[in-house]
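Just passing along the structure, written as structure tokens.
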Amino acid sequence: MRRQFVNDPQDHVREALGGFERANAHLVRWDREGNFVARATPAAAPKVGLLAGGGSGHEPLHAGFVGTGMLDVAVPGAIYSSPTAAQFEAATRAVDTGAGVLHILKNYTGDKLNAGIAAELVADDGIAVERVLVADDLATDSDDPRAPGRRGTAAVIAVEKIVGAAAERGASLAELAELGQRVADGSRTLALALSSCAHPGEGHPSFELADDEVEFGVGIHGERGIEKRPFAPADDLARQLVEPVADALELKSGEQVLVIVNGLGATHGLELHVVFAEVARRMDARGVTVARSLVGPYLTALDMAGVSVTLIRVDDAMLELWDAPARTSVLSW
Amino acid sequence: MVSTLDGAASRAWVEAFLGAAERDVTALGDLDRRAGDGDFGTNLTTSVNAARRVLADGDAALPAAAFAALSTAFLGTGGTSGPLYGMFFRELGKAAGDQPAIDLPTLAAGVVAGVDAVCRLGGAEVGEKTMVDALRPAADALAAAADAGAPLDGALADAARAARAGSDTTATLVARRGRATYVGDAASGVTDPGAAAVALFFEAAVANHL
Amino acid sequence: MRRQFVNDPQDHVREALGGFERANAHLVRWDREGNFVARATPAAAPKVGLLAGGGSGHEPLHAGFVGTGMLDVAVPGAIYSSPTAAQFEAATRAVDTGAGVLHILKNYTGDKLNAGIAAELVADDGIAVERVLVADDLATDSDDPRAPGRRGTAAVIAVEKIVGAAAERGASLAELAELGQRVADGSRTLALALSSCAHPGEGHPSFELADDEVEFGVGIHGERGIEKRPFAPADDLARQLVEPVADALELKSGEQVLVIVNGLGATHGLELHVVFAEVARRMDARGVTVARSLVGPYLTALDMAGVSVTLIRVDDAMLELWDAPARTSVLSW
Amino acid sequence: MVSTLDGAASRAWVEAFLGAAERDVTALGDLDRRAGDGDFGTNLTTSVNAARRVLADGDAALPAAAFAALSTAFLGTGGTSGPLYGMFFRELGKAAGDQPAIDLPTLAAGVVAGVDAVCRLGGAEVGEKTMVDALRPAADALAAAADAGAPLDGALADAARAARAGSDTTATLVARRGRATYVGDAASGVTDPGAAAVALFFEAAVANHL
């Protein structure tokens, strides 16, 4: 049976936000009324406000990326649920300095609906809002025009970092939206789970797997993936993730990528680095340069055991922005 | 025969709706459990409680304040229904503006604008097993009554009947929007809770003898 | 059944080190011959070399703390096993600039034996070595003089950070040894597990727990704790950890502590922050200032679900060193 | 009658020991499984393989090189036995220095220094069910023979007998050091593998007809 450190499951996110704020008081403040996490010290010069929001259960995303060089504000919903329109609205107002606010969203209906409503509400007061929509999850690619499109996952971190640096330098709302969308569009991800996740207070994961199978193509909400595949050695599984991603991006020899090998929650750092080593070798084999990389639990699905592999096509300008200073509780350099 | 809705009447309508929603919340939640993801009841309860709080702080003399209270409460609630209802009620409030009492043409215009906002934001049309199946007929009934110069109370009764009828048809429909699409045929025979709540809203106007 | 991303379990640590080096090439290099992880760019000015070593399976410890302002070199053993004397020797030689090398060890027989032998071997060549021994685990406190003493756990991170900053400023080997030991001696930790850990390639954790019990007083190697206690809400469990720790340190109102709420592997960030919130409230209740804190998976026990709570008594001088710049893959500010 | 050990003889001794260790590794590992944590066999195999590699690169003319190869290999191996054996062999090499051949007093001094290092670093004394129970009697035998001016081959035979006898006594002892303490009485009747490997080392000198 799964167990968690939890008091009232209904209050879990709020209690955690309280702890997060206290542990990182030099970096962030949690606005209890508006229910958003903003920088402790708002950006000094007028700059475009960067907002990212979505359901909770994915920590350290997004609040862990609030700080100089990345986000101005993160908007946390309930576990696996969209923040409300009111939260998006309050957060948008809080970080507008007159230069407008960029909404960085992962492609989920609720997030788009609520953030879109907030954008309408603040437009009444002349606050400009643009949106970057991250839809990197190759498992949900589809030719059906009526399908909701690919889900958004770990590529959002690269968007936040790169756009964050450009915003710090005074780029305009339109420039940031264009840049962010370009980063997002050049990204694809695939994930697989060795076991699913359980909600705080719940004893059982959302699905069970046989000992000899893995769930391939999972998202970040404990839903089933696209198919079951045989359990296999790490290198084999890593290749099943990275090769279709590289193919989908049509990566050519000589191109550069950012790699994110992301732990979905319960997967250990040793394992993630073993997977990354194989992903990097696959890039070598294609003549693609692993320009930068992140390996760790950055976008989790509660206590899911699994890994996602993200490739992000980057150019030198993006890399320069990636390398620019950031001070957040998770990424800092 | 009533021809306008003042602040007190608007507030009475809203409160009657909150009472009805509270009374039926379990049944509505159950519909979402059978044809959705089951959280409609929780979401509605959150909205109802929040609306009561906001209403208490609002300006009792203004019809707009009553609708704005609903808007604020629903916009602060999760799920798909929360923000859509929130935007629907927002249009009602906007139509009412700062008038001390609103007439049928004003109300009809607000409801039509509200349904338009829901359709624009949610992307649904009539026949897709959503709240729109109750909202659109109600808006049409109000608009027709306004065009015909009908009295307000009769128009609201028409709207309530139209909303209920629209809601009832959703049981025969296959969902093409929202979470109900994921359960497919399992939802056939189940009324859409979002539509049923819309019927409750217009029926509350009638039950309240406006 | 537990499963992991693993190829050859015997090669797991080496494969992961290869991945770690590649993902952090700007910060570290993995010396394959000597089998240690050193800074990519050795300290420029002559300074005391800071070495920490111990078994693997605790990642990001210690390699994640190699970099400016913290360690010069980390020495990784096999999973849950001491590095060899040859590794300690090679690593010690690699980071000596003439100012001597400080061995930061957690209190385990094998680590002490092998590092001690290395110290003897390099002494033949005039390299001075001093040792800080971290023994913070209150669960293994004992009056028996023949007992091996308290185990070392997460307090080692505070030692590495504080001593690391002092070393960067040119403190002598003797000063650093004294400072580090003072930090270590003012630290205590208690941990509990909700489920034990499985080694890479193994299907079952080292022990099983009933649904209504937790393992209290666990170490970091999957061994049983000192007793079973009833499963309880997070705040209750947090108090059972923090109160004895505060009592053991005889913390008085007006004192300052560093708090480390550490995830043992599979425990989610939301949970860790819920636990931290209660730990901080307990400090408030005692009038003790939570001066700084770390909340996250810093010293893991593979995929164990559990948490450790560490309190470290600090003075202003230590805090100033804590706040000094660091550039490592895990801590960076 | 042999009075000194040259480079070739030292190397032959070391190789005979590696062969014997390899032959008995399963049995030794099994002892650690019954009265320890079971990794003695794996540790020993690692050391034996590493020793063969280092030996191949060493100076075949120097006795010190043969013992230093063992030292390097064992110091590069995990477990408690690896570093202790490594330091034991290191003292043998240090005693041999750069002499092309070593006599009994030199060998005896090296073995005594080696056992002293093991005791100092490991903290064990005779009677605690460790490698010391075989090492100390062997060192005493060599030292006595050296004092008596005995020939080298006879002295080594004495040392081998003493080491084996000491190793055999460990079956009757209760562990007071190392991982065997954790299993307590379950280890009674089980010979200590670390001591048994020491016996193999001295027996290898005799079997090799030095």
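Each chain gets a letter, A, B, C and D, in the order it is written, and its residues are counted from 1.
Quick note on the criterion: contacts are C-beta pairs under 8 Å (C-beta built on N, C-alpha and C of every residue); 3 or more make two chains touch, one makes a residue touch a chain.
Owing to the predicted nature of the structure, the values given are computational and were not obtained by experimental measurement.
Comparing the centres of all chains, each the average of its CA atoms, the largest separation from subunit C belongs to B. The distance from the centre of subunit A to the centre of subunit B, each centre being the mean of the chain's C-alpha atoms, comes to 35 Å. One finds 88 Å separating the Cα centroids of subunit B and subunit D. Averaged C-alpha coordinates put the centre of subunit B at 58 Å from the centre of subunit C.
Shown here, the protein chains touch in a chain-like sequence that does not close on itself. If you check each pair of chains against the touch rule, the ones that pass are A-B, A-C, C-D.
Residue ranges of subunit A in contact with subunit B, taken from their complex: 77-78, 81-87, 89, 109-110, 113-114, 116-117, 120-121.
Residues 72, 75-80, 82-84, 86-87, 121-122, 178 of subunit B touch subunit A in their complex.
Only residues 1, 3-7, 12-13, 15-20, 22-23, 56-57, 59-60, 194-195, 200, 203, 211, 214, 231, 233-235, 237-238, 261, 265-277, 280, 290, 293-295, 297, 300, 302-303, 305, 307, 327, 332-333 of subunit A touch subunit C when the two sit together in their complex.
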